[in-house]
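Just passing along the structure, written as structure tokens.
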Amino acid sequence: MRPSGRQPDEMRTIRLEPGFAKYAEGSCMARFGETHVLCAATVEDRVPGWMRDTGRGWVTAEYGMLPRSTAERTNREAARGGQSGRTQEIQRLIGRSLRAVTDLQAMGEMQVRVDCDVIQADGGTRTASVTGAFVALHLAFQRCVDIGLLKAVPLTDQVAAVSCGLYKDTAVLDLDYAEDSTAQADANFVLTGQGGIVEVQGTAEDRPFAAQQFDQLMALANKGVRELCEFQRQALGLEPA
Amino acid sequence: MRPSGRQPDEMRTIRLEPGFAKYAEGSCMARFGETHVLCAATVEDRVPGWMRDTGRGWVTAEYGMLPRSTAERTNREAARGGQSGRTQEIQRLIGRSLRAVTDLQAMGEMQVRVDCDVIQADGGTRTASVTGAFVALHLAFQRCVDIGLLKAVPLTDQVAAVSCGLYKDTAVLDLDYAEDSTAQADANFVLTGQGGIVEVQGTAEDRPFAAQQFDQLMALANKGVRELCEFQRQALGLEPA
Amino acid sequence: MRPSGRQPDEMRTIRLEPGFAKYAEGSCMARFGETHVLCAATVEDRVPGWMRDTGRGWVTAEYGMLPRSTAERTNREAARGGQSGRTQEIQRLIGRSLRAVTDLQAMGEMQVRVDCDVIQADGGTRTASVTGAFVALHLAFQRCVDIGLLKAVPLTDQVAAVSCGLYKDTAVLDLDYAEDSTAQADANFVLTGQGGIVEVQGTAEDRPFAAQQFDQLMALANKGVRELCEFQRQALGLEPA
Amino acid sequence: MRPSGRQPDEMRTIRLEPGFAKYAEGSCMARFGETHVLCAATVEDRVPGWMRDTGRGWVTAEYGMLPRSTAERTNREAARGGQSGRTQEIQRLIGRSLRAVTDLQAMGEMQVRVDCDVIQADGGTRTASVTGAFVALHLAFQRCVDIGLLKAVPLTDQVAAVSCGLYKDTAVLDLDYAEDSTAQADANFVLTGQGGIVEVQGTAEDRPFAAQQFDQLMALANKGVRELCEFQRQALGLEPA
Amino acid sequence: MRPSGRQPDEMRTIRLEPGFAKYAEGSCMARFGETHVLCAATVEDRVPGWMRDTGRGWVTAEYGMLPRSTAERTNREAARGGQSGRTQEIQRLIGRSLRAVTDLQAMGEMQVRVDCDVIQADGGTRTASVTGAFVALHLAFQRCVDIGLLKAVPLTDQVAAVSCGLYKDTAVLDLDYAEDSTAQADANFVLTGQGGIVEVQGTAEDRPFAAQQFDQLMALANKGVRELCEFQRQALGLEPA
Amino acid sequence: MRPSGRQPDEMRTIRLEPGFAKYAEGSCMARFGETHVLCAATVEDRVPGWMRDTGRGWVTAEYGMLPRSTAERTNREAARGGQSGRTQEIQRLIGRSLRAVTDLQAMGEMQVRVDCDVIQADGGTRTASVTGAFVALHLAFQRCVDIGLLKAVPLTDQVAAVSCGLYKDTAVLDLDYAEDSTAQADANFVLTGQGGIVEVQGTAEDRPFAAQQFDQLMALANKGVRELCEFQRQALGLEPA
């Protein structure tokens, strides 16, 4: 039934490749099927002005798409003179998601900035970004531990994200572009390794949907994020949960 | 327990004042307690370029805050040279919410633009905007019917919005600023008169929350939106549902 | 003869409502007939960089219009990416007018910023802005006195503004939009309570006008500003002059 | 008493050099003492969009300063990313002044754009701009007549401008920078050859001034503009008035 | 002597990977050692406005760097609100280089836009861009031939680019970042397969250099471009030259 | 053969007028035939942030064109909201050229900014800018010496620039606009008084050109720059070289 032939609760092929960006303190190429996002974390010794002298750190994110990552070329935001509302919405989501599992107090006054750049887009770029950005962030913190800047990785849990949607009246997991562009509803779930909710964004595209359908989407998301967390652990060389 | 002394499931005092803006085709001052948003609908005979010759209409929204609507002055976006990510996120949400209950085909090729300007802000400006914008939109469509531009109001349902949150471990309805700024989690629900979900946005501020807590928030939202829809019907001079 | 039926030397109904903006240090809703401008003053403890360590204060203003304050919708300046020349011209005028009656030395190093936002526009928004901004500024200074920041209100006089014009060859006072858009000439006068000239801006719209006509406009302005100053004194709870 | 040793009613040395810009349809270097403004008129066969198919023409102006035209370098507006409020205010003034003496109907659908660029600034750049721009505009129209585009120069009168001010309690004509920066009040007058008022802008810098003082400034302006009109006639090869 | 241990006339390891971007009409990942540039060509059926109805086509390019392609993070241009002078200079160079070997008449009225995005930067990103962009352009034209839009690939020659420089008083080929940042002079050469000069840009970094030294750089460039053209032919599946 | 009737190796009439800008620390009007560029140097006591506390100085340049310096009016960059890529490319070139002959160490922590504004354009504006900017810079340094800020003029050599090109298959010196717009190739050479190469930029406009032709262009440039350096020495009151 799905264009890709997947089962309703079946994720795309996931690959999380740590260390992809040679110069970044931490990085990960996150591949959800044909969606590829390069996540690169930069450690900076300065926090934003409004945080100075608070003793706490900050984690933020930026997001972009290569113009020809998409089937139809997308205009370059730098050439248009600024970031679109969609871009800003996504990078704010990524930043909030990462901060939800970061102990900003334990970080001390430093900042990590994670750049999520979409090399190829086939739907779900924001959820791949969150999932890969967590790996990049973890690696950057590990690097800080290795060189003595931090005593321990200041992360309290894992965080990953996946989209679900109603496609031809069926709840399906991990929408690709063909599904996303015709779904009746779609929702992005950012969940922790413990299953806690960090962020939920559900939107009816065609007509309103029912609370019961929303529950089905959330159940799928739980399954998907559990799998993604396992991929993250492998990429980071951690024991299975 | 709540700073305002309200019960957990108690909305603020709601007032929807139709026709507030003298020159607009439809308008509504939406007051949720001390949050006041002026919603004004403008009917335009041109649709955006990408919709030309499709025979369908479009509904969109813009959002702004007066600089001193807030306790601390907020910089004027026009003076800073553009709209912030938050502003764009909110106005996209309002537009999607209105379109979810509009029959764009029945509208024909025209556009309605609803300006939502926050005169005073005490939390929940985006939900007051959606709720008031629906009234303004309905009035503008009614005006089009009155002068023969449309045969009937092309709305398929009502739409309204409310925020809920976890405040001191309790699920509460319709957060004011004092609650919003310290809530453990908050969620905005855009629902239809029939109880369908148009948009759900939940965010953990402090630590992740559980699916069960999310269900409590949604139950409160259902109660709140039912009440808001009744206020909308009164403002529009319609029979109670 | 006038569209509104007013006498040539008759102002519109004036209402100056102090304290309209709940959160501002001083505020005033200034209504000149159907023109409504919300003026809100913010006290800041920092002066602009070029004034640091001079021991003197500063008063400045910003101006904006709600998009649907006008009969035809005006594009939102924040969405267009900046303030128009007209907007900047007006806010510079308001700032200069307020500073003309402020003892910047007595203020000490602090700044008051007055936001003038047009809620409804029927001509004369800049003169209503100056008139209401003075009330907001006075209230903000009074607040500073009440909490011990200042010893006395550092204002040396009142300031108010009114427009006059040549309409169908007759000099008339306080133009509304119907007159303003067809006047042969119009002039804005900013005068003090003592009758001193702070700012005069006269423009021929259709064809040049004579010095004698200009004198008629100034005489009307003197009458109008005397009345406005009385309204200001009432709004501020001061004795009649 | 004046820094330059001039009498109170004495203009600076005026030179209007027609044809200064080799490529423009009409041009004039306007020198008011050490203030030098290059005015260049461009004839375009398109009017702005909102004037299409009205059968009427348009005249507009742009204004700029070379960064080192001033004693202290002024930042380049192109590098800062836009025109300041002051610049926009001035170029709007120049455009209105020129249109006040242009028969837009007789022009037909074409546009003349006059660029006024300050090469050297010693006060009074806007009045020199208006005065020189009129010469450039006249020459451009004459060129159109010469090549058969127009039957006659569509100008109904001359227009010129001069500043006056209160300097050490005395009314003086044609302020230079040393006077302008310390004047108690200054006013710019745009007047026609017939003595009609096109634009008056008076500002109290220090403290409000009296109506009687304003009358003195206007009398000086009349004298100054009469002299400037004579210089214009010489530059254009016209008979003395 | 060179940090990389290369001979003065030795290029880095070159890899040109055609078809890297799944969705583009033509693409190439160009790797010059650790410098990796993804070049993606988009065929558009519209030419810029100033070329309409000329019967000729256009080829243009855009350039960007991922923020963490560099050892120190570079700010994202979209977030800063525009492209830097360096970026614009580079993309203009790429466009000119491609047009130098394109028969714009034979193309007909269509446009190819080549996006060159630096994934990893170790010096020489503009020369890698030109070299990879040619492959992407050729593949896009070939695609047009395959689907019948063009009769033949409208390219008159190959074009490739390489940098040379004076490093420790020796002329060396294909500078990497370690060399580039300390070179006494560097020059970028864009040459055709026939050895013709398309573009030469030489800059003394430290002190002026002699014409004789410039001749040495050009000789190295000729050797380098000959090798690059061979790699291009392999990537395109063409016979060796 | 040349439109101007000049010999292939003949420069236009050169005039370098020192002290043209009354207020600048150093200035020069550089005239290459009908191309006139006003160069004005400003001495500032602050270096850019990234140079603070290095003990070294900085020299930079800005470039602009009056809108009607050209035969067809060019849009004003300040009105368009920013500098074009071409403008930025040129001002970076001028800055690099000046720094190549400046002893930044000997300057100490100060900055000289040279504004090059094109009053009239007939081709070769960037080379006239470099040539005139050197004179302005030298005069500004001399002023610093005169008032005791510097012990000696911190310039190590002269620098000047000229364009050459292939016009109707012949190598010609100092292209004017008529030649520039139809040349097969053109190149800009920035050379020192000693004949060293500071910058070379050659571009094929029509078809690639040969290395031998490039050598002819460079020989012409050497001749031209020798002549320009003599004009510079005259303008500066220095002995012939």
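When the chains are written out, they are named A, B, C, D, E and F in that same order, and each has its own residue count from 1.
Definition applied: a residue touches a chain if its C-beta (ideal position, glycine included) is under 8 Å from a C-beta of that chain, and two chains touch if they have at least 3 such contacts.
It should be emphasised that the depicted structure is a prediction, and the values quoted were computed from it without experimental measurement.
Note on connectivity: the fewest steps through touching chains from subunit B to subunit D is 2.
Graph distance from subunit C to subunit D, where chains that touch are one step apart, equals 1. Taking CA atoms, the transformation carrying subunit C onto subunit E includes a rotation by 180°, reported to the nearest 5. For the pair subunit E and subunit F, the fraction of shared interface numbers is greater than half, so the two copies use mostly the same residues to meet. A separation of 59 Å divides the Cα centre of subunit B from that of subunit F. Centroids of subunit A and subunit E (each the mean of its C-alpha atoms) stand 33 Å apart. Multi-chain contact residues of subunit B (touching two or more other chains): 82-83. Beginning the circuit at subunit C and passing next to subunit D, one meets the chains as C, D, F, E, A, B, using touch as defined. Every residue of subunit B that touches subunit C in the complex is listed here, in rising order: 21-24, 27, 34, 38, 40, 42, 44, 62, 64, 66-71, 73, 76-79, 81-83, 87, 113, 115, 117, 119-120.
Remark: subunit D residues 82-86, 88-89, 91-92, 96, 100, 157, 185, 187, 191-192, 194-204, 207-211, 213-214, 218, 222 touch subunit C in the complex.
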